[in-house]
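Chains here go by letter, A, B, C and D, matching the order in which they are written, and residues are numbered from 1 within each.
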Amino acid sequence: MGAYEVTLPVRFGQVDYAGIMYYPRFFENFHAVFEDMFTARLGVPYTSILEDRRIGFPMVHIETDFRRPFRFGDPMRLVLDVTRIGRSSITFRYRGFNGREPEPSVEASAVVAVIDLDTFDTLEIPADIRVVLEALKG
Amino acid sequence: MGAYEVTLPVRFGQVDYAGIMYYPRFFENFHAVFEDMFTARLGVPYTSILEDRRIGFPMVHIETDFRRPFRFGDPMRLVLDVTRIGRSSITFRYRGFNGREPEPSVEASAVVAVIDLDTFDTLEIPADIRVVLEALKG
Amino acid sequence: MGAYEVTLPVRFGQVDYAGIMYYPRFFENFHAVFEDMFTARLGVPYTSILEDRRIGFPMVHIETDFRRPFRFGDPMRLVLDVTRIGRSSITFRYRGFNGREPEPSVEASAVVAVIDLDTFDTLEIPADIRVVLEALKG
Amino acid sequence: MGAYEVTLPVRFGQVDYAGIMYYPRFFENFHAVFEDMFTARLGVPYTSILEDRRIGFPMVHIETDFRRPFRFGDPMRLVLDVTRIGRSSITFRYRGFNGREPEPSVEASAVVAVIDLDTFDTLEIPADIRVVLEALKG
């Protein structure tokens, strides 16, 4: 399967005074592709992981390089894959390409924990989710 | 002078389904303290730097550790200082303490460029801004 | 042509502590369908209206009824049409249906002005935009 | 006691491409003054109403007039009062003044329901909250 990909246009409400994507908004887009990936690859709505299984994925560490700005209306092609799968934590990689450009204009490495939403204790990654993550490693 | 500090309560609209601060919202708070610091330390509204002098500070790289969650209503005491001043780039440090706790629950290192907002070319840091940044190094 | 329609899932970052769509986020979705409608119906990116033609559409008045909540993951089917076209103002109607439900769960009537973005003076609606708006009246 | 008032500067991340407050952001500010009012007037954190007492205030209907734009850096003086108190619903009024101007630049009338957050059934307004609301009627 490999990486998961969604294209999101830069919205009017996402650009700042300088006319470029306001940097906190990138993280909202990252989360959107994260949600959509689970829904598409796990075959059930992402929400069911949280609501029915009470599993959460809080961010522990994220490093992001902003190489070139995105302007209002630019198509942000977001590519999500996985670079590391631990016992109860995962490192995702987000790369944002401006349309058809060959190199990412934004790139992030994000470590998330896997937790029980009721106790906030870490959880071993469940088998069905691990299968999805392994497929994302490409 | 040293570090600049503002306390912002975690808002209803900033927490997520899990009842904790949604991680993209931290960056909005970081920007708020960044704006307020310039206004307080430069003695003119932050906006005048952008509007009148056409200087911008786009994010180039940011690394963030989320150590403990912030819950709805928690007072986020944000402390901003500077760890590096280059010719046309600056490394800021953001530390977020949950009320009176001694260790930061969130910590970020953020490299911003200094640019001309009309051309997006880098600019040498102007002298009056450099004075403010030096004072932030504590 | 008639109404323009887009379906947007309710995102993790859009729900509040109560697990339902935080009401300010509805307006962000309204703006997204507004942008997409222009791009689709005018045949040029919405951004070109603002950037090249310097035309803006500030909100003057909006009334919104929130009839039933949207929960995290619900598909919000947003239907945009026009109920009034003036000389330099337009009344849009937004209706948000939860998936296939027959009645809208949220409904808004929004009056926007048409202005010159450089002077903020009102503008007579340009002919090509008026054609798009007439088609939206269905 | 009368109306409750907070001044919030228009933030960099709140303005849009046109350099003025993006209209969905007004509603976030309205919610901030709503939260602060309860904390100040009830003498306990607003969060305790939701978390401990499981009472919520979902928006049912809101009408807003945007009379003059707010620009980046403008001080938005938000004044909150109450125009109607029902059995299980309340009409709040939000007026936003640009600094010391005598007339509000933005004005909203907002009907919220009072509900049990676990069942989403309406609740009779509790006595201590009614006292706070009556005092807001001025």
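FYI, a residue touches a chain if its C-beta (ideal position, glycine included) is under 8 Å from a C-beta of that chain, and two chains touch if they have at least 3 such contacts.
Computed from a predicted structure; not experimentally measured.
The greatest centre-to-centre distance from chain D, using averaged C-alpha positions, is reached by A.
The interface with the greater count of contacting C-beta pairs, when A-D is set against C-D, is C-D. Averaged Cα coordinates give chain A a centre that lies 33 Å from the centre of chain D. Computed centre separation for the pair chain A/chain C is 27 angstrom, with centres defined by C-alpha atoms.
In whole angstrom, the spacing between the mean C-alpha positions of chain C and chain D is 24.
Of all residues in chain C, those that touch two or more other chains are 12-13, 17, 24, 28, 31, 50, 72. Residues 12-13, 15-17, 19, 22, 24, 72 of chain A touch chain D in their complex.
The touching residues of chain A, when paired with chain C in their complex, are 9, 11-13, 28, 31-32, 35, 45-48, 50-51, 71-73. Those residues of chain B whose C-beta lies close enough to touch chain A in the complex are 17-18, 20, 23-25, 27-28, 31, 50, 56, 58-66, 69, 117, 120.
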